[in-house]
Structure formats: C-alpha cells, structure tokens
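In order of appearance the chains are A, B, C, D, E, F, G and H, and numbering begins at 1 in each one.
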Amino acid sequence: MEKLRQLLEKVQRNDVSIDEALKLLKDLPYEDLGFAKVDHHRALRRGVPEVIFCQGKTPEQVVMIVERMMKKGTNIMGTRANAAVFEEVKKVAPQAVYYPEARIFAIKVEPVIKNKGVIAVVSAGTSDIPVAEEAAVTAELLGNKVERLYDVGVAGIHRLFMNIEVLKKAQVIVVVAGMEGALASVVAGLVDKPVIAVPTSVGYGANFSGLSALLTMLNSCAGGLTVVNIDNGFGAGFAAHQINKLGGQEDEASIP
Amino acid sequence: MEKLRQLLEKVQRNDVSIDEALKLLKDLPYEDLGFAKVDHHRALRRGVPEVIFCQGKTPEQVVMIVERMMKKGTNIMGTRANAAVFEEVKKVAPQAVYYPEARIFAIKVEPVIKNKGVIAVVSAGTSDIPVAEEAAVTAELLGNKVERLYDVGVAGIHRLFMNIEVLKKAQVIVVVAGMEGALASVVAGLVDKPVIAVPTSVGYGANFSGLSALLTMLNSCAGGLTVVNIDNGFGAGFAAHQINKLGGQEDEASIP
Amino acid sequence: MEKLRQLLEKVQRNDVSIDEALKLLKDLPYEDLGFAKVDHHRALRRGVPEVIFCQGKTPEQVVMIVERMMKKGTNIMGTRANAAVFEEVKKVAPQAVYYPEARIFAIKVEPVIKNKGVIAVVSAGTSDIPVAEEAAVTAELLGNKVERLYDVGVAGIHRLFMNIEVLKKAQVIVVVAGMEGALASVVAGLVDKPVIAVPTSVGYGANFSGLSALLTMLNSCAGGLTVVNIDNGFGAGFAAHQINKLGGQEDEASIP
Amino acid sequence: MEKLRQLLEKVQRNDVSIDEALKLLKDLPYEDLGFAKVDHHRALRRGVPEVIFCQGKTPEQVVMIVERMMKKGTNIMGTRANAAVFEEVKKVAPQAVYYPEARIFAIKVEPVIKNKGVIAVVSAGTSDIPVAEEAAVTAELLGNKVERLYDVGVAGIHRLFMNIEVLKKAQVIVVVAGMEGALASVVAGLVDKPVIAVPTSVGYGANFSGLSALLTMLNSCAGGLTVVNIDNGFGAGFAAHQINKLGGQEDEASIP
Amino acid sequence: MEKLRQLLEKVQRNDVSIDEALKLLKDLPYEDLGFAKVDHHRALRRGVPEVIFCQGKTPEQVVMIVERMMKKGTNIMGTRANAAVFEEVKKVAPQAVYYPEARIFAIKVEPVIKNKGVIAVVSAGTSDIPVAEEAAVTAELLGNKVERLYDVGVAGIHRLFMNIEVLKKAQVIVVVAGMEGALASVVAGLVDKPVIAVPTSVGYGANFSGLSALLTMLNSCAGGLTVVNIDNGFGAGFAAHQINKLGGQEDEASIP
Amino acid sequence: MEKLRQLLEKVQRNDVSIDEALKLLKDLPYEDLGFAKVDHHRALRRGVPEVIFCQGKTPEQVVMIVERMMKKGTNIMGTRANAAVFEEVKKVAPQAVYYPEARIFAIKVEPVIKNKGVIAVVSAGTSDIPVAEEAAVTAELLGNKVERLYDVGVAGIHRLFMNIEVLKKAQVIVVVAGMEGALASVVAGLVDKPVIAVPTSVGYGANFSGLSALLTMLNSCAGGLTVVNIDNGFGAGFAAHQINKLGGQEDEASIP
Amino acid sequence: MEKLRQLLEKVQRNDVSIDEALKLLKDLPYEDLGFAKVDHHRALRRGVPEVIFCQGKTPEQVVMIVERMMKKGTNIMGTRANAAVFEEVKKVAPQAVYYPEARIFAIKVEPVIKNKGVIAVVSAGTSDIPVAEEAAVTAELLGNKVERLYDVGVAGIHRLFMNIEVLKKAQVIVVVAGMEGALASVVAGLVDKPVIAVPTSVGYGANFSGLSALLTMLNSCAGGLTVVNIDNGFGAGFAAHQINKLGGQEDEASIP
Amino acid sequence: MEKLRQLLEKVQRNDVSIDEALKLLKDLPYEDLGFAKVDHHRALRRGVPEVIFCQGKTPEQVVMIVERMMKKGTNIMGTRANAAVFEEVKKVAPQAVYYPEARIFAIKVEPVIKNKGVIAVVSAGTSDIPVAEEAAVTAELLGNKVERLYDVGVAGIHRLFMNIEVLKKAQVIVVVAGMEGALASVVAGLVDKPVIAVPTSVGYGANFSGLSALLTMLNSCAGGLTVVNIDNGFGAGFAAHQINKLGGQEDEASIP
C-alpha cells in the first residue's frame, strides 16, 4: 500500500496531475492495490507453513525453493518428499524433520497457533497408511491435535465400533480408504460431523487406480461427506484444519 | 438318444452298412447325440420354469413365445414384464400371476421341488426394491424360501445390525444396492457365506448408471463376494438358487 | 436403554440367572444397547429436519412417508420434489412451503437452532441456479444464514472481484459450477476458508454430464477445497451446515 | 463373553450399582458383546487359514504379520507373494510351503475340515494359469478337492467338449479367462451349477487391462454366472469354497 | 475424361498454347482428371445401389435425395428408414420395396450382377435380429445369396452345432451379437473363413450401449475375425459383399 | 473511471485525507478501477453482438435478457434458439432475424466493422450442417465474409479436391465433422493456415456422442489444427473471427 | 473317425450290445466324432503354420512349445518374439528365420500353397512400421504376395495419391495407423475392396493407447472397412489371407 | 510441372497421339500435376524448418533423417529429443543447438522471416514448464517474438493480474496448464484475442493423465478458446505461429 499512499500524497501536493495519477494508478502492480490474497492477513496465519509439492521436482530444485522461502522466515513443509530429497534439504536446513511414512519434511521457524478441536484420521487398510499419514502430519503441522484410527476397514467393521470413542471426540473426521472405499460411508452414517473422504489408489483390477473408491465416496448417501482427489492426503489434512479452526483457537499464550 | 439307439440297432441287424452309418451319424442332430445341455436332466429340473426376457419385446411377441412354451408343459416366467404385457399373457394363460414390483409374471403348470435352505435378499434403499423383488420372486419361483430385509443401507447401518438374525439364518445372501453400493461389503464382512451382490442403476451424477456401485462391489475386500450385472436381479436370484440347491432339496413328497 | 436397565435390575433381584441374562442380552435389539447413531443426541439436533429424497418416488409414496414422519413431530424437508409432489403433500400438511427453484418443500413443526456464522453460496451461470438454490435452501432450513452470489463465472471473473465482500464475510463457501468448473478453484485461491465445490451437469459435448466439472474440482491445486457429487446441492448445503455449526450456535433463547 | 459374565455377576452380588453397570456396559469393547463376526464360530472354521495379501508389502512387513498370526495357532496363507517374500517367511516358519505359479505360501498348523464336493477350475489360455492357480490353491488350502482344466479357450472350444466330464463332476466351477472372456459364458451355458468367472488382465490393445473380459462376463446371458474382480483368483477360490461347503463336509474323523 | 481429351486436341491443333493449356489443366475439375473413386469403374459396379443413410433426416429430405438419384438411373437403397419415410418415398418411386425388420427400402432400376458364393448371417438373440436383417438385406441387394441362422447364442450353443452346415457352406460369415458378444469368437474358432463381427447395443447395465460386445469381439483370439461399429449391420453386409465378390461373379447372362 | 477521478480531485483539494482516500479506494467497485475486461475497449468492439446461450432457458427467460440488453443499444445474438424462442423474441424486437439451420436469432442495432479476410466453413456430412451453420452465421454476424463448403467428407474426398480454391482463398478454416472426424486432418494437411476443428455428436455406436471425432481431431498430426468442444459451432465461429481480425479490418467508412 | 468305425463294426459283429455301445459312444472323445474344427481339413491347410503368441512367455516356454509342434511336422511361426526368444528357438530349430521389425520368427518345414491375389499393407507413420510389418510378414508366411506402402499418413496425403497403383493392384488392403487413424477412411474412400484397419498405440495424450485411432476406424463412413484390435498386426494379416484365398490359389505344382 | 509441359509439347508436335497422352497423363505422378501441398509455396515458407518428432525413434534413426533433410538445405528442428539424441545429431550437424527444457534441437541453415506480432506463452505450475517451453521455442524457431509468463496458476491468480501487460501486448496467447486447467478459461475471459490451450499430463489421481485439464479447457465458456492435444506444446506453438503470421511479416530486409 506504500506506493499507493506516496502517489496520493503527490496528488495532494500537486506534484502529479489528476490525469497523470490516473495513468500511474493503472500501472501500479495489482498487489500494491491490496487485492492479493484477500483475507490472508499475516496475523491470522501465524505459523502456517508454506508448502512445496516435491513430486516431479529434483532434490536441487526443492533445495532452491526451500532457500528462497527460508529468507521470508516462515515455517515450511514439503509433501511427496522421498528420503533423497530430505537428505539435501537437511544440508541447508539442519533443523528439518522428516516423517517417512507421510513422505513429508518440515522446517519449523516460528510456533504455530493451536486449534482447540481434535481431528480424527481413520483408515481402512495397511496400504492406505501413507496417505492417512500425509493427512495426519499435515494437520499436525498446521496446529491441530490428531487422533489416528487405522486398519478399521469394512471387512473388519467391528474394530471400528470398538473404537467409536475416537469418532465421538473429534470435530472433523478424515477417512482414507482404497479398494471399495465403503468405510467413508459407514463413518459418515455413524456421526453428525464434517467427514472428508480420501480415496486411495490402493488395489488392482477394476479398481482403476482409485476410481472405484472415488466413485463410491462421491455417491455416498451419508450426509456431510465431502471428497478430495485420489491419494490427496495433504488436501484432506488442509481442509480439515480449515474446518477445525472454526471451532476456536488456543490463546496466543499457548504458543511455547 | 432314441434315434441313436435305432441307428445302432440297424447296424446290428445289418440294415445299414458301416459307411452309411458313419454318414448318418454325422447328420444326426447334435442334440440326439446327448451332448446338449449336459446335465440338464429332466429329473433334476422338475418344475424349473423356462424364462422369457420381455424387455424390448412387444406384448404380441411375448404371447407367441408363451404359447409355444405352454405346449411343452413346463412352468414359465417372464422378467422385465410391464402390466401391458401381462394383460395379453393372461388372455392365453388365465392362471398367470403377476408380481408388479418385480415386473415378473409366472405360469405354474407343475409343482417345483423345494430347496431346504433359505435365501436372504437384502437391499439398501427404497428405490432398489424393484431389483430386489426381481431377485426374490425369481428365487421363490425356482423353489426357494426367501427372507426379505429391505431399507438397511449404510447410512442407517444400525438397522442392519438389529436384523442380523436374518443373515444368520440364510444359506446364501443376495445384496442389492445402488449409489455407493457399500452395503454388500458390510454384509459380506459380517457373515461367512456366499454373498451375491447386485449393483443397481439408482442414483445420479457420478453414479454413471450403476458404474459406481458395480466398481465398489467388485473391489470389496470381503471374502466370498461375487457380483452380477447392474440391475440383474434375475441373475442374482437364479445364481442364489443354484447355490442353495447344493444344501439339499426337500423330498419329492413335499411337492403338493 | 430402558430395557437394558430392566434386565440388569432383574439380574440384581435374581429374577433371571446369569446365563439367561447373557442369552437375553444377545437378543436385545441393537438400538436398545445405545449404539445406534452414536452422537445423534436429540438435544443437539433440535429442529433438524428429516429428509426425503423424492426423485424416483411417486407423489403417493412421498405422502405416505410424510405422514409417517409427521407423527414423530420433527421438521421435514423433501428434495428433488416437483410441483406435482408438493400439491399432494400440501393436502396432508397444509403448512408445507415450496421453493420451486430449489425443488424443495419444507414442513416446519418446531423452531431450528440458528448457527452464528454465514454460508456463502456462489454460482457460475444461470443454469446452475437450481443446484445452487438446493444448497442455499437446505442450509437455511438447517438453521444457517445464507448469502447468495450468482452468475459470477470465470468468463466474467471481474464480477466476482466486485463482490468479494461476500466471500470475506462467510465462514464456509459453497461453489456451484458446471461446464469447466473453474470457479471453485478461483474462489478457493482467494480465501482461506472451507470451500465445498458442487459440479453440475450443465453443459454439452465433452462435458459428459458433469464429469468435466467434477474432474476440474477434484484436481484443483487450491487448498481446502472438497467436492460433492454432481448436482448434489443438498449434500453441499448439509456439509456446509455441519461445518458452520462448529463456529457456534445462537442461544436457545434466539429460537422464536 | 467372559467380561460380560463377570459384570453381570457383580450386578447380582450388588458389587456394582445398576447405573455403574450401565456405564461399564457401554464401555465394554464391542467384541466382548459377542457381535463381532457374527457367525465365525471357531468350530465351523477349524483349519481355515488367516490370509495375508502380500502385494505392496515388504518381506519384513509380511514376516512381522506372520509371526503375530503364528502365536494364535491358526493356519496361514499369503497371496501375491513372490519368491523373495517366501525366503524370508521360511526363516521364521520352516514348515511353510510355496506354490510359485499361484504366488501363494502356506503354513499349516492344524488339519482342515474337508468339503465333500469337487471344485473345477477351468482356464482359457496359458497366460491365465497364474490366476487360475491362485484360485485352485486357495480352494485346496481351504479344504476342497480341485480338478484343473486348463487351456480350453473359445478358439479351441472342442478341447472343452472333450473334457466335459470334469464339468459334470464338479459342484462349483471357477472359470478364468482374459482377452474376450467368452469361455465363462460357454461353460455356464453347458452346466446347471454355480459358475464363478474371473476376468484376467491378460491381453493388449482394447483389452484395457481386463476391462473387456470383465464386461463380457458381467453381460453373459448364461444363468447362474457371477463375477469377481479382475485377476482376483483368491476371491474366486474363496467364494467357491463357501459354496462347496453347503454340499456337506467330511466327518471330523476324516481329518488326519 | 471428355474435357481433357478436347483440351489435348486443341493443343494438338495449336488452338491453345502450351502455357494456356497448363493453366487450363490446373483449373479442370479434379474429377475430369479421372482420379475420383479410382477403381469404381461403372462396369464393375453394374447394379450396385447408391445408399442413403436415413437416420436424422426428415422424410422430405430423403425424398429429395431419392429424386436426385433416380435421375442417374442407378438402383437405390435407404438404411435406417422407418415406415413414415417409406410412405413418402413410395409416392415418388412406386416400385420401392420396404423390409421392415431391416429398416431398409430399395428401388430397383437395373439388375444386379450376382456373386457366386454364399454369405451366412448368424445372430445370437431375438433382439439382435433387426441388425442381422440390416446386414442380410444389404448383402442381398448387393447381389449375394444369404443364409440366415438366428437365435444361436452362446447360452444355447448346441443350436449352433446343430446347424453347422450353414457355416460350412458359406464363403463369408457375419456374426451379430449383443450383451457379451461371445458368439463371434465361437464361430471364428469353428471355421477357417473371413468372419465379420457386428456388436449390437442390445442389453442393459454394464453393457454400456454395446461397448461390452465391441470389446469382446476386438479381443477375440480367434483368427480372421474383424469388427465393424456397434449396430452397423449395413457396414457388415457391405464388407461381406466386397469379400464374397473375390470368389467370383455369375455370368452377365445370369442377370434376368 | 469517473469515480476514481472524482476521488483524486478530492484528494487534490484536500477534501479527503490520504488515509480516508486509501480506505475509499479499497471500497471502490473493481470495475471502476478500470481492470474489468482489460482490452475490451468499446472502440475495438463496435458492433460486436452480446450473446445469449438459449439452450435450457425458457422463451420468457430469453425475452427478459433480450429486453435488458436492448437498453444498452448493442447488437444481440441468441444461439441454440428454437423457433418457439424466436417467436417470443420477435414480439419485443420486431427487427430480429432467425437463421433456422443455425438455430440463431440476431438483432442488429448498429453496423459491424468488417474484417478483410475470408473464413471458410467446411463440413463432412449432411447431418453436420446445423453445427456448420452455427459457426458460419456466428462469423458473419461478427463481421466476417464466409465461404461454405459442405458435404465434402472423407468417403467422397475427391469433392474436397474439386473445390480446393475455397481453401486457398481463406484466411482461417473451420472444419465441422462427426463420425470419424478425419476431414479436419485432411484439410489441415493440405493448407498452411489456422484450422479450427469442430467435432459433432452425429453418428451412433462407438461414436459415443462425438467422442470419436473429438479424439481424432485432438490426435491429428497435421500442424496448426486446434479443436473446440463437441457441437460448439459458436465457439469455432467466434475463434475464427478473432483470428481473422488479425488480418486487418475494413475502414470505418465501410460501415453502411 | 477310426475309433467310431471300429465301434460300429463291433456292434455289427454283436461284440458289444446296443446299450454298451451307447455308453461307449458317449465316452468317445469329442474329436473322434469328427466335430472338432469342422472345416480345418488338412488338405486345405497345407503349409499353414501353427502360431505361438510369445508375449508374456519365457524363452524356455516358447522353446518347449516349438519342440512339441515340430514333432507334428507343420510350419511354425512365433509372434511378438524378441531377439532373446529367437536365440533360444534357433538352438532347437537351426532353420528358423527372424524378422526383427515384425518381431516374428518362422520355421518352415513344408511349402505353402500360394494365393493368387496381392495384399497391400499401407501405414501412416514411421512408428507404425512394426505393426505393419507384423501384418505383412504374417500374410507372406501364409502364402500371399504382399506390397508395402509405408509413411503415407494423412498429413502428407499426396504421397498416397502418388502411389495409388499399389491400391489398384491389391485384392485386399491392410491399413495401419496410430494417432488420429484417419488414413483407413481415406483409403477405403478411394477403393472398392475389402480394407482391414489396424489401429496402433502410437501417440500420446488424448490418444489413450490407441483408443482414438480405434474409434476413428470404427466410425468410418467409408464402406467395406472392418477393424481389428489395437496393434493386432497378426490378426489383420491373417484375416487378409483368409479373404485373399477366396480369389483363388496357385496350382499345387507352384509349390517348389 | 516440367513433365506435364514436356508431354503437352509432344502432343503439339504430334509425337504422341491423344489416346497415348491421356494414358500417360493418368500415370503421371500426382505431384507433377501440381496438387501436392496446395499452398506450400516455397516463397511463403522461407526458413520454416522441417520437423522431426523424435519420441520413439533411436538416435541413429534421427541422425539418418537429419542427414537426408540437410541435403535439401532447409532449417530443421527435432521435438521430444533427449540429450542422447542431440549428442548424435551434433556429430553430423555441429551447428545444431539444444534447448533442454523444451527438449528441442534446431539446425539453422537459412534465416527465418519474422512475424510482426508477439506470442505470449503463459503457464500454471513449475511442472508445466517443459510443455510451455516446447511451445515457446517452437514459436521462436518459426520466426515469432515470444513473451513468457510462467507460474501464474489459478491458486495464485493475483500474479496473473500483476502481469496483465504481457497479455495486453500479445497477438496470440498460448496457455499451458495441468491439474484442473482452469487458467485457460481465466485468461480467455480477460482478453479478446485468440487463446490456444494446452492441457498437460501433470498431476495425479483423478487427473487421469491430463484428461481433467483437457475436459476443463474444452468446456470453457470463454469465447475464442481452442485446444490442442495433451502435452502438445509443439502443436500450440505451430498454430500460434500460423495465426500470428496473419498480423503481418517483417520486410525480407529484416532477415540478417
């Protein structure tokens, strides 16, 4: 906004004519007019990390982006990052932490404001765990308490009932399931809360790389179920965070 | 086999030469050689109706087929038959009965041998009932006891648990479900019996005329689940009958 | 729970033996054990209507369900209801109200607890309005304040910017778009809040009945975007309500 | 049930009040209430192996699961297991046996109850044999007699007719076929028994990884045909076992 | 070619210069240069009708095209023509004949040269007959002897064997089948002749308007099988004619 | 821009403080800042009609939009408009003209600036003509000279060569084709100019409502070919106009 | 037939009773009854090779099949055979020849009867050549004269016209094309002969592994075009041979 | 044309008869008649390179084609060329230049005529850059000025607005985007110029290898948008060049 203020001051001082001012105004970068990212006010976003999607990038490219971001002093997280990427990142950011199952690395510079509510992350099979962990770690890095409830697929549905307290306690629930993807419907049928479903590409045959789970979830009759892209654990964790935030945040004082 | 026996007798009596016999043998209709429908022995099939798929046929065409079949003296059933078709059929077969929800008419000429076991037909939503009824009535006409358990979809899964006795009592279970189709997985996860899943075309949007339910069912992790074509209630009822038959049949004496 | 309590009392009084009690316990309906719909406590759901999906049902069938529900004394809403259905419903429930664009009828018996936050419903083109209205009216009937922002598609994106205050004010945003479906991404890129995207089947050619908009929305890079089924305005309105509820509810006193 | 019995005894002895009992009852794990896996009574399942789906798991993960299962003393089988996995399993379970074509390993601890009937496994081409073997070995490990009839595809259909006795003898038939998948229809057209069709991903071009065979089988007009997922030999073998069991089991005495 | 000859004569007579001739040559319509339809020499095509695809045309449009064609004096056939179209055509061409099952009308002006060989048209179900008739009548109008073998689907495969003489006698075989489409493979596996497969859109569910039959036929392992578009009976009849022609034609004298 | 100028003048006159100005500036509607439709300067668009997509709108809705637009004094065109729509439009705009084959109505209020170049519209079959006319009439209403070349499909490719002068004369070519869609490739292979391909939904069977033509056109190896949506004649005509404009416009004086 | 003759002779001699004969007759292998491969009489097939589809088989498996076939004394060809397979085959069949572009090996034991007509194999791009060669070499090994016309795609369509004599000379034409696949339509539009189209999986993007070319070819309006599976050069060459055979065969004397 | 002239001279001199001339004329290669590539006159194409699509070709094959082209003295460019291909090309053409991100090599022999207008290449994400560079470098090698505007995806849409001058300056705009592909709609909604959209296969899950971006772009409501195949940067650059050429070319003198 500084440039805009300077321009207006020049108008006031008659240093520029109205016509010149109109012309200059049109040439001012969009951001200077204050429209960019309308409600991303810094205050509300204290500690929210910037995110790098590492898939399809070389370790060198990731390091370059990390270095650029570190200068801004924000927290950073990298998704779909393999061990090789982390090794390189660690060289420039020794405080970086790696979550191998989630394939995420995180660089913490400032504390994150905590949300009050709990996010439950539920998954169907062992092979869905990487996507579930991507959702869970994402939510944690964004300042949420997360409870994990894994391996409770429909074929062994009694295990879900045995752990129903986890669902009761949560504000938002992320359900991760491949193959038939029916778990999301079952969970959303049991609770009266926002449920975010993540289809995974786990399976074979007529699974068609996650299409079967995606369609199952989109067609669920259970109210309140919304869906993200196949294998998009990050997206689910991020959306769960945005919802959980509505339930209130801890006092700043809570930041260590 | 009679023609074949007569031919061999002629060979024995030297009424035909070997060469002539070889030639005649080749010209004998395939069926007379006993290969046709290898195990469709009449005895085992007592009362099993002949089936007419009425969809895409005019009432006149259906009546013509009914008349031809009635001459053989077997039971008859017509599937995908609307009321108009039944009206015409009744004119030539006054004993015909119509099951409007199942869209089936039946003409009973001889009694059917009863299977000992029970077939359960379970369905998810109100709109799945026509397909469920097609399965149930088909199974009944083939000589099976059927228990219906409707409107127990995943969104109201507790109703399934409240009626679990029906599943426990059955030898075979047919599960009919549209939309997400998850009910089949849930049922097959609860029991240790053959479960036949019927996806229905009920739904809208990314349901793609039953594709979503079909894929869900094919991808189920629950053991023992097999699938038939979308909306194919008849096929499911027929397959359930073939399986139920393995559990034994009532004495002939049981036939009224 | 009453039946369970009575049983325990009988055990205490030695009116039933332990073995008998175990057997009876197993035969108690599932619901009596208190597991059904785990957190659907009546108190929290005061005024939440029961829902009838009218598509594929005859007016007679809808009326029958309405009458059954009215006996429970809860609010009722019917979705995908055409004028003919409403005419019949009105005969048994004269207080019923019809929202023609949303294709919803509502029967209000008791007041609804109001959520504090606002839900914005944004739509791209004129033909998307029925689905947008289904979402908006659903959210209103569930006790939410709704702001509508229609006809702000990507081809006329400046109209979105001119009305950005609506987005700023909302707790949750529902975006309804057919054809290319890009509006959801643009909105989610501008705000830092939960955004629920509803693809519509509006369009022709390679739109494939909403598939193009669905895929666009699922593949959005904008964080916090989740998706419901094609044309599923009800689902979006319901999920938005569940999220908005987290932001707090008005005092009971607010209920007129 | 032991915990439940103990609780009731405490109620009887007035060691706990009714109110406390109600609260404790609610906290009892679901399984203790006897609902879990409703008819999986141990007696009926004597010898039925627990199953590990090895695809996508490291040898180490498989070994860990094997060790955990071995403690329960049940038989174990691993599907989609390559030789490397088996090498590791053998180290902790020297009695493990490997079926390389079926890609299955088995660890036998207790004898399996045998079913009386025979299961026929029929396959179309040489490349379908791994899936056919997965079905056949699965059925054998579950206690069934299996007859194999391989390489009888539609292009050489006379070989099927030459071996028609195998079909006549079987209680249930599993048909494995890729490419056009027509063999399943031909077999189901010849017999009057349950036929389970397994499409395989064998083929190229418009085969689309098994889609062509899957669709062919789902669309078969032959009565009694049901279908499992592409390449799901295990599922077919398991379902065939469940059906075959209905035909009766050998006396316990038959267990060596 | 006449214009070209006249031009060359002018060059010879020096009525036009070389340069002028080159320029004129370039302006000569393409057809006059003799390239159009390179081997469609009139002599070889004696009696071959011109074809009108009537689907999507109004009766008036069809009549207009018929009148234009009649001036050329060739035979005419109209495919996908309903009774209403034929009624109008008959008014301008009283000799027109209508084949209702094939939905074809024909106007015969000159005799057709007959091919020596026989074309067999085989179909699976009753509902495939319109497409089969389209193929058969097309082939007949093009001068071929046709033998029909209908209702010999895979579910009743013995009927095919009983009529195997029809296949033996034919030079080319057209197989028409919907649903699973397996009949084409079975026929091509029995004979050593060109087989043209026509998938039909008959069926429901996962038939996807003929896709299942199309894929089955494209994936057939039986040698010599080629495929035309779904429901394209005309294309199959036309291609069968072109192949049958290679086996020789009757003497001109054979033309009545 | 007037509001902005007034604001700056107030700043100059010290009628508002800098801080107030900054705040007011932020509240100015987006459009007033001059960003809306960045290069849609009125001068360049003289006579370009506003467009109404009538499909899915009632005649009443169309009339309402027409009346609103007529107040702005611009030309108007309505696409996908049937005769019923036009009848209603004519009542409020008697000067409206209807192009029945193109399904377009136009209301001309001011003259259109003419482009110098010619646009050729080429189509394959009779049934593609409505889409071709939509493209041609759209281009004409936008101020372009159009040459039509219809019925030159690949099956009669010599007719294309006979009329090659049309292709030579054009600046831009629109090719409209259904079924196999190969005509676009052939045309683009013959010329060195921008070619816009429009797949149509004309056809049946494996045409899948235009998908086959769409894929053919997207996969063309011929350089310079770009594609619009199935049946989108308007889009092709509009894009062709934008390209043709680059070749220069007639003097204003040319406007009658 | 020998066994059948012996049986009849025994009946004649009264060595077996009629009843025994009937029973034995039923047990006679199907082939002995003369039904197997109804018209594959040895005489007509002199020299026709047996075919091995090598894809997905190990060199060892191929060698095993080759050895078994060599004992029958027929010619052999292996398709989809890489160099490694050929190296192993050569060890057991030193006379084996390898066609690397066609990925075919051939072992010639007896001469092949030659067909009189010529088969033209036409292909669009350089990358289509392997499939074109598979078709061409297959046709040659089956006894046909083949003319190749490569690299005549639609983008350079004039090269096709320059070589039109090749099309004129042929009895049957095989057209191989990937990407848009339009070449098949163009060729079939130019000639009045059987044309077999082979879509190839060459391309990228919306080519979808050959789907675009497949759909183009199936939707061609050009008469007489039939299609085989994507990349199925062998199938096209085989079908072309069956068609070409109808045009007559050289005298036996022609066999060297 | 020389051969044609010589033939006409012979006719004039009576060295050949009219009949002979007609016959010879028919045998003249198509190209000699002047039809080949109708408007590819050398003069208009000065400097336009010949193009080699290197994907799927060995370095040796590419070198062979390069050598053949170099003899004609035209410029050459190779697309989809990896470094290994370039290494080999450089050995025979030392002046060859490699653009690694665009995967293009170029061999410049003669100067290219420059177009006056500017082409803007806009891309959404980092991973879309290779395709964007393929478009940009192609356009540059064809004689166009190119402005790049990368990383302006919809999630960060303000960066597009900040650089809107690039769009204003351009004659034609190429937009490259994967995932949701919405950027193309946004750009086309902002400008009134030809926009060519290139979907990329960047993404995962329900992106289906670029299908989601392709459908989004085809369904855009923004006028003037046309689309090329997934990842087809070359095609977009080429089409943009053809359009840009219409805006005028620099004087020959401008060629260095």
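We take it that a residue touches a chain if its C-beta (ideal position, glycine included) is under 8 Å from a C-beta of that chain, and two chains touch if they have at least 3 such contacts.
Note that the structure is a prediction, hence the values are computed from the model and not measured.
Using the contact threshold fixed earlier, the set of chains in contact with both chain B and chain E is D, G. Within the list B-C, B-E or E-G, F-H finds its counterpart interface, over half of the contact pairs alike by residue number, in E-G. The angle of the rotation superposing chain B on chain C, based on CA atoms and rounded to the nearest 5, is 90 degrees. Centre-to-centre separation of chain C and chain E, using mean CA positions: 56 Å. Computed from the mean C-alpha positions, the centre of chain B lies at a distance of 60 Å from the centre of chain H. Inter-chain spacing, taken between the CA centroids of chain B and chain D, is 25 Å.
Separating the CA-averaged centres of chain E and chain H is a span of 41 Å.
Each of residues 35, 37, 161, 164, 190, 205-207, 211, 214, 218-219, 223, 229-230 in chain B touches at least two other chains. Chain pairs that touch one another, listed by label: A-B, A-C, A-D, A-F, A-H, B-C, B-D, B-E, B-G, C-D, C-F, C-H, D-E, D-G, E-F, E-G, E-H, F-G, F-H, G-H. By the touch rule above, chain H contacts chain F in their complex via residues 35, 37-40, 44-45, 51, 117, 161, 164, 167-168, 171-172, 190-194, 196, 214, 218-219, 223-230, 235-236, 238-239, 242-244, 246-247.
The touching residues of chain D, when paired with chain E in their complex, are 125, 153-157, 179-182, 185-186, 188-190, 203, 205-208, 211-213, 215-223. By the touch criterion given at the top, residues 126-127, 158, 161-162, 164, 202, 204-207 of chain A touch chain D in their complex. Residues 1, 4-5, 8-9, 11-12, 14, 18, 21-22, 25-26, 33-34 of chain F touch chain A in their complex.
Of all residues in chain E, those touching chain F in their complex are 29-31, 35-37, 55-57, 61, 199, 201, 209-211, 214, 229-232.
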